[in-house]
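Two complexes come next, and they have one chain in common, subunit A, joined by subunit B in the first and subunit C in the second.
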Partner chain A sequence: MTKSRIFWGTIAPTAAILNSLLFVYIILKIRGVDPVEMFKLMVSYGFDPRNLVSEINQTIAYYMAGVAAAIGFKMLLFNIGIDGQYRMGAFFGAVVGAAVSLPPILHVLIIIVTAMLAGGLWAAIAGYLKVKRGVNEVISNIMLNFIAAAIIAFLLSPNLLGSLPEGSQNLQTKPIPQSGQMPTIKAFEGEIYSVIFLALFVGIAYWVMLNKTVFGFNLRATGLSFRAARASGVNAPGMIFITTVLSGAIAGLVGMGTLLSETYSYSMAFPSGYAFTGLALALLGRNHPVGIFFAAFLWSFLERSAPVLEFEGVPPEIVIVMQGTIVLSIVIAYEVVARINLRQQQRAVGSVNAESVSNQAANVKESK
Partner chain B sequence: MSNVLEVIGIEKKYPGVIANRDVSLQVREGSIHAIIGENGAGKSTLMKSLYGLIRPDAGQIKVFGSEVNLKSPQDAIELGIGMVHQHFKLADNATVLENVILGSEPTRFGFVVKYDQARKKLLEITKNYGLDIDPDESLSNLGVGERQRVEIAKVLFRGAKILILDEPTAVLVPQEVDELFANLRELVKNGLTVLFISHKLDEVLSIADDITIMRQGTTVATRKPKETNKKELAELMVGGELPKPKAGELKVSSESILSIKSAAYSRADGREILHDVNLELHGGEIVGLAGVEGNGQSELIELIMGLAQPSAGSVQVLGLDAATTLTREIRNAGVAYIPQDRQRDGLLMSAPLWENRILGHQFADPMAKGVWVNKGAAIEDSKRVVDEFDVRTPGINVLASALSGGNQQKFIVGRELTGDPKLIVAAQPTRGVDVGAQAIIWDHLMQARSKGAGILLVTADLEELFSLSDRIAVIYSGTIVSILNPAKTTPEDLGLAMTGAKSA
Partner chain C sequence: MSTETKTAKAKSFFKSPARITLLIAGLFLIISLVESITGSVDISSPGTSGATLRFAIPLLMAGLGGLWAERAGVINIGLEGMMIVGTWTAAWFGYLHGPYVGILAAAVFGLASGFFHAILTVKIGIDQAVSGLAINLIAAGAARYLSGIYFPPVGGDRTVSPPVETLPSFTIPFVADFFKSIDEKNIFFLSNISGLLYGITRDLSVVTVALLLLVPLTSWILWRSKFGLRMRFSGENPMAAESLGINVYRTRYIAISVSGMLASLGGAYLALVASSVYREGQTAGRGFIGLATVIFGNWRPSGVFAGSLLFGFTDALRVRQAESVMSLILAAGIVALLLAIYYSVSRSWKPAGAYFGIALFALWVNQKVDTIPQEFVTVFPNFATLIVLTFLAQRLTPPAMAGMPYRRGAE
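Up next is the complex of A and B:
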């Protein structure tokens, strides 16, 4: 059973990635480039130790976004607001971190908790609107992303919470003192954020919560069938709200690696686009913590190794094409696998029925 | 007058049930022909056959004198048969005209819609048949009665000569019913024929030219309103003989398990669904709740389970006030719930059986240990349910959706009867299951009763109602109109009470 589950779980993503490789292969071929050479080049560049470290660091951020999206998916929520939630988390984490002075470990904890609170509360707006007013979370979250960006831009002005360091054009929050910074791990030829342990913890906690606890059961039940969950005694609207907040809280952690181990302050230079990436990764990783990890690493790897293509005259945007085809293929592949699976089960059920019917017939004959 | 529609010996079997057998019907041209019968009497199956939605296993259908073979609704429409469904199939954000022509737009070159021509044709129809609707009104502004007229216009637009209306009055208020009947009379005056499905004897007697009664999948009689009365119709509907109550000693305890006092319930839009409902249920007895579907049964169950709050009165379940108690606490106190719509309310269709075993029991031992789900116990007990209730499945890791409906139902009943519940709310517990499974489920319900559980049995199956119930409460139009003793009840009493003809 377990073996076949792993098989069915991995066959779809593998097929999707192969399909995307095939697609890119054809494109490169048409361009007159040798695709195999290209792939080789990407792999050797991507697995270069220096690049590997930055890929791992990027994977951490993507992983958090992926888990945040996956929690939402389990409830049939499309949390496109991860972007805004992550910004709110990173920004308020940075502001609070710079404002307090505490002993080292406690200081870091306060920043992390603040970030989760900020992300969660921001998501709570969308959750409230959905549960109480029936507003589709996609629409509210897209708007909340813009509002979050605007609020932060406003608060970053020098006379409020921001500052403009000398010789810089980049508005940022005041730096977090040493006690609030997280160490890095020296590996290969770089430094890996120690937030990786937090990501590990988030992944494990997510899995345990979902599969082992009553809360997780209620969450999944509500996602599978709102009415059945309600009839079973679950406060289904409440579960939708809490799940939204939880997803936002995890999204609040996306920027922690950069903030606590690299920049020590939030600035407008923090990247955007985590919402789409997070959703794509949760989809590719099938909402499973291990699957999301591989998906996140694949994404980081592709993005990091893209520039090398430029040396060979191939536009690095080919990587985006690859990511896009992976996501498209995965949606189809999962549906196909799910249908095959159901049909197999129905066939098994059918054979049990046929057996019992023929047994009954035999009994009838005997009794005659 | 000649027969426009003739049905000869139609039969339709589904696995385990015979939905229609030996159904015969003759519909005269220009008449309003009513078809009445209980839930599950086979009316819908017959209508589906006539509209080409399903194909009968045997028998003939003749339209305008010639035998036809309906493969799809398209075939039926081409022959001039139109169907007005009980639940309207209209687009809210389009106009009346757009709704009417949707799917059969007159076009130029196959893609340019000829709106002018369509409007002219629609106006002609509305004028000829006295259907009061404005083609350019947006549908979202229309009330239920007007929407129904749009549905009728839609069918006429497609050239229907025979209209089938599936319980058209179920959704209407009395004035709207009068308007509808005026429209129907206008239609037959113009040579059309109307087939009218209903539960309500008063209406049928006032509007129909012929009344055909169906019972247990077959047509039992046809009468003219002048030659019959409500009594006779009720008796024909319910059947001459009622199943005898099962012998079994009655050990009713004095403990009140369910006590409903002058309860009322109104929907969010203000419409009152239940009013002044009174019902007492004691341990050790089965109270059957009889009634035509849609008279407030579902809402009453929601009140008992704490899924909805009464707007007046009180609902006490095992001493708890259901209005202020959470559903999970009601369940934990010992209430089992077998929902009417098993796939939507009773199961997680894309979850394995063992997870479905937990559903509804996740807040108490043994399915939960503190905050943790007890997977081991769930797996063990799922196996027991599968064995005891003869659920046909290769294992408990199978998804609920892979099982047949009857086996899903057996699993739900098995799950809910676990742990000796004190109150069992069983809505249609054997709907769609085969005879063998029905016997198993009945047997377990009777066992629960002898162990002292009180059971509220909501059912449309008369055999089930009479074989199991110690008392029968009849619900009509949102209130309990009479409490009957199954041993002394005549079919006439029950039929009249259920159709609102008599209130005791």
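Up next is the complex of A and C:
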């Protein structure tokens, strides 16, 4: 039973990845390079110990984004606002972290809590608009992403919260002192962020919350059927709001690894685009904490191993196309599988019905 | 008289076209007044109105694209990606075979990208937002990949295409000269208004005119043609439409393909008219602002047009002169004050109070703040859309089933 469940759970993602590999194979063939050679190059470059570390560090950030998206998906919420929530979290985490001086562990905790609060509160706007005003969360979140970026760009100006260090072109917040920094773990000739434990905790907490708590049950119930959940006494609108905030709080953690173990300050150089990545990873990992991990690793592996293609005259942006194709393939695969299942169920119900009808007919005949 | 009849009266006041013209004239009077008080002339200068038009067209095209798709019942978040398709194909084919071929290519490839969205959302039935976002990602990635291959060998860059020949532009004879002469005479109000008109009658690109004509054309198709009726029907109630013999799938296929074409033409405008190269990141979120104009324009072509002009105007001000934003805020404050007086005369205290609050706020900002940070002017469209969605949601009439999955024969 479990075996077949794992099989059916992984077949669609695997098919999607193979499909996009095939697509990229064709594109590379058109480019006139040997695709298999390229894939080999990418694998050997990507599994090089030095690159592996940066991949793991990137995986941590992607994993948080994926879990944030998955929480939303469980509620049928499309949290495209992860980008803004992550920025808010990282920015205010950095600002508060630089402003206070506390004993080491407490300092880090304060930063993390601030980041979660900032991300959650930013998401709360979209949640409030959805629950109280009926505003589609996709639209409001897209707008909020732009607004968040503008607010931070404004606050980063030198006379407010930002500063321009000597010899740098990048506006950034004041650095977080030693006590607010997180150590790194030495491995494979590199340093892995210790935020990895936080990611691990988030993954486990997500699974436990969803499967072992009443809150998680209510969440899933509301996601499956708003009206049914409401009828059975769940405060469904409240659940939507809380889920949005929760998703935003996790999204606020996306930038923590970079902030607490590498740059120690927020700058405009912090990458964007986490929203769609998070959604893609949740889709690819079927909202399962372990699935999302593999998806996140695949994503950062693709990104970190792409530069090697440059030397062969292939623009590395091909990887972006590949990621997009993976996402499309996976949702198509789910849709097709769902439709096949539906058809089988209908057929099963149909044959049962047909049987009972013919039985009834026979009974009627007998009684006559 | 009850309050309701009063608001109904107020509503009908805003609806009559003659009065709208009067209203716009009044608005302009206020702007002229503000300009003569503050001494800034940039709001009504020919340069600003010309720039407004140039900034508005890409937003307008994206907005019309969004309108076509949503009226047929499918949300098109892929507008941004389809605009990228337009910028890239217009620049590349424009470089190879001249700008007209570039525009044609943008239209064809845009149509194809819209068709792709249609296959995914209508035929296969995947989530419309996922499909749109994936198109954005793939289009951005593909454009960068192809730029890296094709542009460097021909004098371009990994991120910038080689320059494309510019399209001809013309100045409307006599009319433009007439407006120019009045503009230079510095008569209060009359000069301001002709300054604005001079800006939009000189150096007009043929493409600008052609694309502007798509607004009345879309209006006509949407409200007067058989296809428009089918399109709206598919967006409002696809099941009922199907039961009356309308082929919802086919209608949506056509509408979404056109949507892609329009967005792509907006991209082509960016690459060929607003500049003369493809540049990475050239669309800069305009597809999403197009989505915003659809909401802002209440899913009507004229509304989308007005919305894109407004957003194009803020864009133009941001680029040209940040101080003039302040005079605009002053003008908005005066308008709000007048509305407050209007409503308190008819004793509708609630809107009167709200407008009075807005007026006070605007005047306060005008007094206390020196300049509005550029970042906030940039996101004005996004912010305005959120406000509209929050406070005017009851007045909005989106297509009922836009964004909902629909399968033929399924419940």
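Going forward, the second predicted complex is superposed on the first by the 338 of 368 C-alpha atoms of A that agree within 3 Å, B and C clash if a C-alpha of one lies under 4 Å from a C-alpha of the other, contacts with A are read in each partner's own complex, and residues count from 1 in each chain.
Please note the rule applied: a residue touches a chain if its C-beta (ideal position, glycine included) is under 8 Å from a C-beta of that chain, and two chains touch if they have at least 3 such contacts.
Not measured: the values here are computed from a predicted model.
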Report for A:Val349: first if it touches subunit B alone, second if subunit C alone, otherwise both or neither.
first
Touched partner set for A:Ile332, first subunit B, second subunit C, both or neither:
second
Go through the superposed model and pick first if A:Phe39 touches only subunit B, second if only subunit C, both, or neither.
neither
Classify the contacts of A:Trp207 with the two partner chains as first (subunit B alone), second (subunit C alone), both, or neither.
neither
Subunit A: partner with more touched residues, subunit B or subunit C
C
Once chain A of both complexes is superposed, is A:Ala221 in touch with subunit B (first), subunit C (second), both, or neither?
first
Is A:Ala231 touching anything from subunit B or subunit C once the two structures are fitted on A? First, second, both or neither.
first
Per the touch rule above, subunit B residues touching subunit A in the complex are 305, 307, 326-332, 337, 339, 341, 344-351, 355, 358-360, 362-363, 368, 371-373, 375, 392-395, 397-399, 401-404, 407
Would you pull the subunit C residues touching subunit A in the complex into a rising list?
75, 77, 120, 124-127, 129-131, 133-138, 140-142, 144-145, 147-149, 158, 285, 288, 291-292, 295, 373, 375-376, 378-379, 382-383, 385-386, 389-390, 393, 403
Under the touch definition given earlier, write down the residues of subunit A that touch subunit C in their complex.
31, 78, 80, 129, 133-136, 138-140, 142-144, 146-147, 149-151, 153-154, 157, 276, 279, 283, 315, 317-325, 327-328, 331-332, 335-336
Contacting residues of subunit A [partner subunit B, same complex]:
1, 211-218, 220-221, 224-225, 227-235, 342, 345-346, 348-349, 351-353, 356
